[in-house]
Amino acid sequence: MKKLSARRRHPLAALVVLLFALAVTGGLYAAFAPADKAQADDTAQSLAIKEGKKLFAVGCASCHGTGGQGSSDGPSLVGVGAAAVDFQVGTGRMPAQQPGAQVPRKRNIYTNAQIDQLAAYVASLGPGPAVPDKAQYSADGADIGKGGELFRTNCAQCHNFTGKGGALTNGKYAPTLEGVNPKHIYEAMETGPQNMPSFGDGTLSKQNKKDIVAYLGAVDSDKSASPGGMELGGLGPVTEGLFGYIFGLGACVAVAIWVAARTTKAKKS
Amino acid sequence: MSNETTATTARRGQAPRGERIADWADGRLGIYSLAKANMRKIFPDHWSFMLGEVALYSFIIIILTGVYLTLFFHPSMAEVTYHGSYVPMHGIKMTQAFESTLHISFDVRGGLLIRQIHHWAALVFLAAMMVHMMRVFFTGAFRKPREVNWLFGFLLFVLGMFTGFTGYSLPDDLLSGTGVRFIEGVILAMPLIGSYLQMFIFGGEFPGHDIIPRFFTIHVLLLPGIMLGLLVAHLILVIYHKHTQFPGAGKTNNNVVGMPLLPVYMAKAGGFFFLVFGVIAVIAAVASINPVWAIGPYRPDQVSTGAQPDWYMGFAEGLVRVMPGWEWNFWGHTINFGVLIPILVFPLVLVAIAVYPFVESWVRGDKREHHILDRPRNVPTRTAFGVAWLVAYFVMLIGGGNDLWATHFHLSINSITWFVRIAFFVGPVLAFIATKRICLGLQRRDKDKVLHGRESGIIKRLPHGEFIEVHEPLNQEQLHFLTQHEQPEPVELGPEVDENGVRRKLKRSQKLRAKLSKGYYGEDNVIPKPTVEEYKEITSGHGHH
Amino acid sequence: MSETEENLPSERETAHEGAVVKAENPFADPGLPPHEHRVQDTDERAAKRSERAVAFLFLVSMLATVAFIASYVAIPIDKIVYIFPLGHISALNFALGLTLGVALFCIGAGAVHWARTLMSDEEVADERHPIAAAPEVKAKVLADFADGARESQFGRRKLIRNTMFGALALVPLSGVVLLRDLGPLPEKKLRTTGWKKGIRLVNQSTNLPLRPEDIAVGSLTFAKPEGLEESDEEFNEKIAKDALMLVRIQPQNIKDKQELAWSHEGIVAYSKICTHVGCPISLYEQQTHHVLCPCHQSTFDLSDGGRVIFGPAGHALPQLHITVKDGFLEAASGFAEPVGPSFWERG
């Protein structure tokens, strides 16, 4: 940080900021501009829906009904939106393998294009949250500190301080957020998969969600630092206690055994 | 030694410098008499005798590192906004206690290391005390004359728990703050005085601005001061009583066999301090503990899953977690049994182990000193009680971490809670029975070994074709080791009527004592050790098998 | 040394062989086994090796201390390095801890190795003496005590004794009285919250007043009373009682009649503070409407009046009666019962 504040006074700093601002403006324009083009492109959209419907009939209809109206084995998908499909299929949760307390995350078996087609089909059943675009969940312009506070207020109670997950009732659980694609985290907040409540824009504003995703990126990614050493799972005192007993006291006892052991005797002649 | 000293004295015409300093001190402090008794004091060698040393040394490490931490820590609940080095905390409101903990961790070079050594040493301290206590328990080292020292040790353990808890609360992070909130709930649950006590302890409504400074004083002054006093008393008694020893050749109740304090134990015990400190320093280098920056500052409306105390409070946490939600409302008053019962059971379980030495000596009616340790198998009832106690303790530790067992072993948290509820009552009983049977089995094996020798693993074929395993007779050292223990007779109540035919009045306590005594030393609870006659009969000429 | 050898039983040599057993009592204590020499005791070269090993350990310790100081000076405090298998960790913490650990450990290892290989390892026996005093000592002490007690006239002058006990019993009361100002009296503090009729519900995360349409079915929103700001002096004390969680349940799924009456179109507002010991309870499962406390697993059913369905909590979560005015959610009244953990006067 000291380095950064020192460089702020560099003569070229203003230029860098200007270039940065230009790049962000351009990027945002690029991100938002194609919207009307997509709207115009009706035929591509309806093609996607058609393809999606086929995929749906094969992979999803047995539980969610042929029209996505739901059945005793799966909820209705009318109005869940593209974001829900992108999350559920993108994280491999859907199609579900077997019923249970909770459908676990597993390897995703669809291509990105197929997921998009499925999402387009389900979105066509009723209005719901769309798949967020990159600008919504990228760390640019996010307040990590605020994100942390929001995370502790809204998310940590189930997902743990740094998103390591935790238990819910009767075998259900909040999964770990480590290594989860920021897009999927954003979508989970928007749609509230399985027993997770949703955090729509009335509950957490778009900026709030962006801050939370950025905070997780800072503290719960592969590159996140754990200055003190091994994280021990980031689970708090239980693993610390086990580690203290096994390695702390264990090492002390091992040393004590050496200290108290008899020294090897000379062989009897 | 003494010859050498006189030689040097004669050469220089004046006592050497060291001796003169010692003379000076002796004239004022009487150190020669002290040293005469203690300098060559004998200590027996056994690794398990060093568990207490691990506790002692980690306590010293905690004091050393703790003093360093106070140089930087601000025990204040005044609110500040963070602008330090740790970016993900920028702009967050927090108390000075939390901010200064972040400062120690990120802006004081080596501060993080000292913090981690302090905390790791605290976990090892409590763990070492616990295991040390178990060693003393299972070997019967608490018997006369050491009952008082057992109590001192027990008090150290209990005070250590509370010192640890107050220290864990000081950074005012989200995890420890949740623990303090729990304490508030416990105080409120106390009948009659609860809400008054809560206001007085917190200086107003929770959380207030007083609890951290108050905990600080308790953590750095009050409790460590008492503990230091108890610790010194504990050590003085260890030296005064002289150490116990395991049975063996040449070891009697009237001697202590080992090596002298100077030089061997000076080097071994002194060296062991550095070894323990080294081990803990390396652990603090490689493993993170209580990363408060990841946990965040305390706010009463925030919480994280996996909210647990440090391990030594896990037992209490377990009791609270598995308690059913009972509450009484009557005449405008409420009793919160969901909190009250666990908080009463917690000290009761601890006291059960603390008073055990007095119960056992009462049951046995033994007034003699004991310096030879028991082998746990030779006192099956005590061993079984100890194991049952441990099972109850560890079942509750499981209960205290039920959420983590649920996620990591894919179980239902409700099932674990139910398991713990049942196992807390059933587990100790099963453990008691199983342990007793195992002890008796081991006694039987010892008896076989004495009478028939050790199984050598060599198979011999006799001339008529029979295969036998050669049993190797034990030497006298081993025979002595396996037969030296006492087997007391159970206390008898005597005849129900006295010589005049009048019914004797028996106090209920006498009956209870006789019953317990039978449970300890009665026929079914002990395998009579082999007698010399049995041994001679088997070994004289008949051969084995 | 010679003294201890004299103490050893003479038959120990034979006894140690194990073959010959004492005729009268085969189980008798054979006495201390004879001392056996170590390699270092007989072979000066081995002893020299031990000496060098000890010196080497002390030398390593010195080097480690130098390395500690060098790390302290050279490594920037914010440098993060990747070390397998520890992860991305602080270089300074790792270097300081490792060097300090090695420096300390080697001193200890050197001293112990010295003790084990070079110092005498002959076991010696020390006599024990009974802890209890000899009868004549006891008699003397008791006589002294009796003299002292008689001379003090403590037993005879009952007036002095009784008043002294009275004075000693009373004097600690001053100390107890002095504790009075530790805190205020409870009064109604535990019964009151910041909620009363007409106070708007403000979203904890966005800091905006909440409208019914902000709260979707299956969502979870945390709210605080309007006017309570994080920058307030008493924020923590207030939010410790006022924190609220809002969920929306399809009205036909609400089982409790009063809950339905106090809700607004299925939006129900419950205290976030657990009734067991006061943890912020908020592990809401939107399909089951159960909310779980992360501290002790009390589980409440938000579709059934906040009833306790599992765990140690003793009574239901308090619900806040809400209504809508000018399009915003607001409290229709304060909490009907105290929030948070039970206390004696709660009733």
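For reference, chains read A, B and C in written order, and residue numbers begin at 1 within each chain.
Heads up, the rule we're going with is that a residue touches a chain if its C-beta (ideal position, glycine included) is under 8 Å from a C-beta of that chain, and two chains touch if they have at least 3 such contacts.
These are the chains along with the protein names UniProt gives them: A = Cytochrome bc1 complex cytochrome c subunit; B = Cytochrome bc1 complex cytochrome b subunit; C = Cytochrome bc1 complex Rieske iron-sulfur subunit.
Bear in mind that the values here come from a model prediction, so they are computed numbers and not experimental data.
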Chain closest to the middle, measuring from C-alpha centroids that were averaged per chain: C
Selected interface, B-C versus A-C, where C-beta contact pairs are more numerous: B-C
Interchain centroid distance [CA atoms averaged], subunit A/subunit B, Å: 44
CA centroid of subunit A to CA centroid of subunit C, Å: 33
Inter-centroid spacing, subunit C versus subunit B (mean Cα positions, whole Å): 15
In subunit B, residues with contacts to at least two other chains: 85, 106, 112, 116, 268, 271-272, 275-276, 279-280, 284-286, 288, 299, 301-307, 402-403, 413-414
Touching two or more other chains - residues of subunit C: 78, 86, 89-90, 93-94, 97, 108, 112, 116, 121, 204, 222, 280, 282-283, 294, 297, 310
For subunit A, residues contacting two or more additional chains: 1, 153, 157-158, 166, 168-169, 174, 226-231, 255, 259, 262
Of all residues in subunit B, those that touch subunit A in their complex: 45-51, 53-54, 82, 85, 87-92, 105-106, 112, 116, 120, 123-124, 127-128, 131, 174-175, 268, 271-272, 275-276, 279-280, 283-291, 293-296, 299, 301-311, 314, 400-404, 406-407, 410-415
Residue numbers on subunit B that touch subunit C, as the complex places them: 41-42, 85, 93, 106-107, 109-110, 112-113, 116-117, 145, 178, 181-182, 184-186, 188-196, 198-208, 210, 240-242, 249-260, 263-265, 267-268, 270-282, 284-286, 288, 299-307, 317, 320-327, 329, 332-339, 342, 369, 371, 402-403, 413-414, 417, 450, 473-480, 483-484, 532, 535-536, 539
For the subunit C and subunit A complex, residues of the former touching the latter: 36-43, 78, 80, 85-90, 93-94, 97, 108, 112, 116-117, 121, 203-206, 210-211, 213-216, 218-222, 247, 280, 282-288, 290, 292, 294, 297, 299, 310
Partner subunit B, residues of subunit C touching it in the complex: 8, 15-19, 21-22, 25-33, 72, 77-78, 86, 89-90, 92-98, 100-112, 114-116, 119-128, 130-131, 179, 182-186, 189-190, 204, 222, 224, 230-231, 236-237, 239-241, 243, 272-273, 276-283, 294-298, 308, 310-315, 340-347
Complex contacts: residues of subunit A adjacent to subunit B: 1, 101, 143-149, 152-153, 156-162, 164-171, 173-174, 215, 218-219, 226-232, 234-245, 247-249, 251-253, 255-257, 259-262
